[in-house]
């Protein structure tokens, strides 16, 4: 017997499909959809973010990502614009109609972010921040739960269980690579875990090929692999000028490469019978 | 500077395509092809193997696998039929025309196997058996080199370099999952490594989704992921009656599931412009 | 150049020795001392905790541990007595004079715990909870920072750097095992990391052999190894009746085995010129 | 039930102690002894090896190591002197009386080495070279079996089982670090495995702190940790001039540091009641 209950497939009559509505769009995540979330690692300044958001809208993206409060290994690295960046993201949503996702690290930020953010992301370092999971179990907004760097599949689903048990049924899982001995890639995407979690759970599963590989050249093949293995979408990092990004430049697609990836995913979504076009 | 030379993409003007000829067929492995190798983990008896071989031929497979000398963790496990099984495999080739691949563990077996076997497999436990690699560098038959359980991509390509340096240019790489902390799957398929090795090297890359996952339910999604990420084919375990297999039953597809996988791979090969149909 | 600065040995003229004072005792952690912290995984009830505390005092322990807010993989497990348990720990300190250490998971608990707790422990799951590290950088009490399950030595020292940069110089590092592929032990104690961190940093380093091994039979040999490798002490789990513990029973020493361990560590401390006797 | 039988402690009435005799000395490995094996990574030339051997004899070492056939990750690295080096080792034994240990990679070398070598080492890359294990099961000389880079404790003991099942009872286990995500050290010494294997098996267990850490500064503290955890001895790399070693210079002790390590181990052996002085 698996120790997770509410997250288990056998305890729900059908797979969870999450609907996210903004004045300008309706987005679905789950069975039958291929949802694309894109944006820069961190919101760096207003003009670049707005410009990129418009581009992403035109390229067919469903949701905008952007880091405001960045978890950084070193205290000397750029840690995000914080609240100031939030206004920029909200403006991007007003213009594009696309819903917003950002990472939450501190339970005390929930009040600031709650009315503005459509989906809350729990980063891999916080997958077992049970304090945060407890709070996110009480809200009525979707939570994207990234797998921890060294979390087993069971621990990942039990972290989801914390949120579900609190009463929030809108949990999206996101595989973003695990830590192994391999130094050529930033992490090792566990593609078998994607397929297995689709068997074990009714929850939607996305893949983040940017963090998983750490190399932009690998983002498109790995994103394709994710969809072929059954993932319900991908979340990728895009930047106008990756060489000048304040963080994660090496793993960010530029606009041209992003468009190429979208074309590839569209072909794949077609043979997999997943809807990738926005309503 | 990477330490491998002969295996490096920049040192060869085009990607290596390996041709394998038998009286009954011509098989290619490399760029533009989606090659399917299938068969049981171990050759267990004549009738079952011949019957399975005929089925696999009809299902569109390009090459037959079959274990004769099995590396087993415990000395108390079934270790293969050895030389007796070789005659069975040869008979299967005579009937189907399909080339044969089997694992070689001992340099002293090379004489016995040489005339009968079309491709020699080096298993993951022997990836750094340099004695064996040196010998395989001297022969004129293709070698499929599986990645070691905890081998880095660099070590894997350097193991290939041993064979190439000996003068044998027919090296096929095969990713089969690495060892990580995750207990739900037997190994963790490193899908990013597949994409990366296609960038770094001119050598063909196959994927073994059976050993990578250890669970038959995951074989098809992971095989699809492999092709989507750029692999040149897959090698899978198939058994008439997986529940009664002497080894690796849990990861073997039965015939029905194998046919389903083939259909999925055919759709994928089409959009990827890879030839999957036999000549 | 290593990316940590305040934690680096070369940036401080001598190794950090941390002094912890209570009305009843003065405890030192660092160079020249072999500090023993002991107690149950979780505070379960008043009578057992007080009785165990008295025993540990008589056995020569320097500090009492006790879990109040327990990070648990599953939301269905016992999560600690919380604030109720705090009164029990305070009573134990009043009786024994020994300082108290407990884990803090939530920045919002700092107010509740601050006046009662002598050392704050950051658990391995929270090693990169930067929100928590930032807050602990502002206080004037020692922080014991456990290494994350899959944290590199560099990431661990950078997590310490967060606290140091905030102004709190009283950081104690604690190696507690990393996650590897080995299933026979709960984690793999990285003994080389203990020796290396003593070279790289001026901060004290303790070892937790209970979590590192998950098996009480291994606690004593691994605790001895830690001191032999240069650790400044150990933190171990002790329980009156490990078979009936609400958590971590298998890795808890009973009283008899704890006394045996103390004897072994005393011999070792003598040849290593580390003071293990309490003032 | 554990799958190993002949290696299991409960299947033997007392712990195995292995005796190695040469004309000049009698060496024991097992319970109650602290056996020191030392020498350079590879035999590089006669004069240096003989000089080092004399030094090691005077320093109290029990056995001489020296690589003849070196397993090297890259085919372009120095692969050892082979048969030519053997004569040098034999001369060193004639002079010092100390028994010899060297790695065997190829079953075909057994004839060449058999009469000259006292203990055969199976390297970590060959721990599951079952062909080699089978052959070593038939001989009447001790075999030192290194744990594979990513071998579980169970797989390691099952590899020993291959040799034992063949009829050779003289198996010595050697932990030399496993592969993990940590890049600051070459490998991660699994100190818990040392303690656990002493519980599970009657076989002697040595530790190789040189390969485990890859840094000479860590060799002494990790060697001490090994003895404190219950290991029956250590095998270390020593070189007259580590900066000019053809292989593994960074992890080799120079003569002065080796003498310092010996002093530390002598103190430790005394309190652990292990005989470290040569007869």
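The first chain written gets the first letter, and so on, giving A, B, C and D; residue counts start at 1 in each chain.
Note that a residue touches a chain if its C-beta (ideal position, glycine included) is under 8 Å from a C-beta of that chain, and two chains touch if they have at least 3 such contacts.
In UniProt terms, the chains line up like this: A, B, C, D = 3-deoxy-D-arabinoheptulosonate-7-phosphate synthase.
The structure presented is a predicted model; accordingly, all values stated were derived computationally and were not measured.
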Point to revise | A-D or A-B - the one linked by more C-beta pairs in contact | key: A-B
Review point. How far is the middle of chain A from the middle of chain B, if each middle is the mean of its Cα atoms, in Å?
Key: 35
Revision key, fill the gap. Cα centroid separation, chain A vs chain D, in Å, comes to 49
Review point. At which residue positions does chain B touch at least two other chains?
Key: 150, 179-181, 183
Review point. Among line, ring, star, complete and other, which best matches the way these chains touch?
Key: complete
**Study point:** Residues of chain B touching chain C in the complex
**Key:** 179-181, 183
Point to revise | Residues on chain D engaged by chain B in the complex (per definition of touch) | key: 3-4, 71-76, 105-108, 125-126, 128-131, 149-150, 154-155, 158, 161-162, 165, 179
Check your understanding: Okay, in this complex, where on chain D does chain C touch?
Key -> 150, 152-154, 177-178, 180-185, 188-196, 198-199, 212-213, 215, 217-218, 221-222, 224-230, 267-268, 271
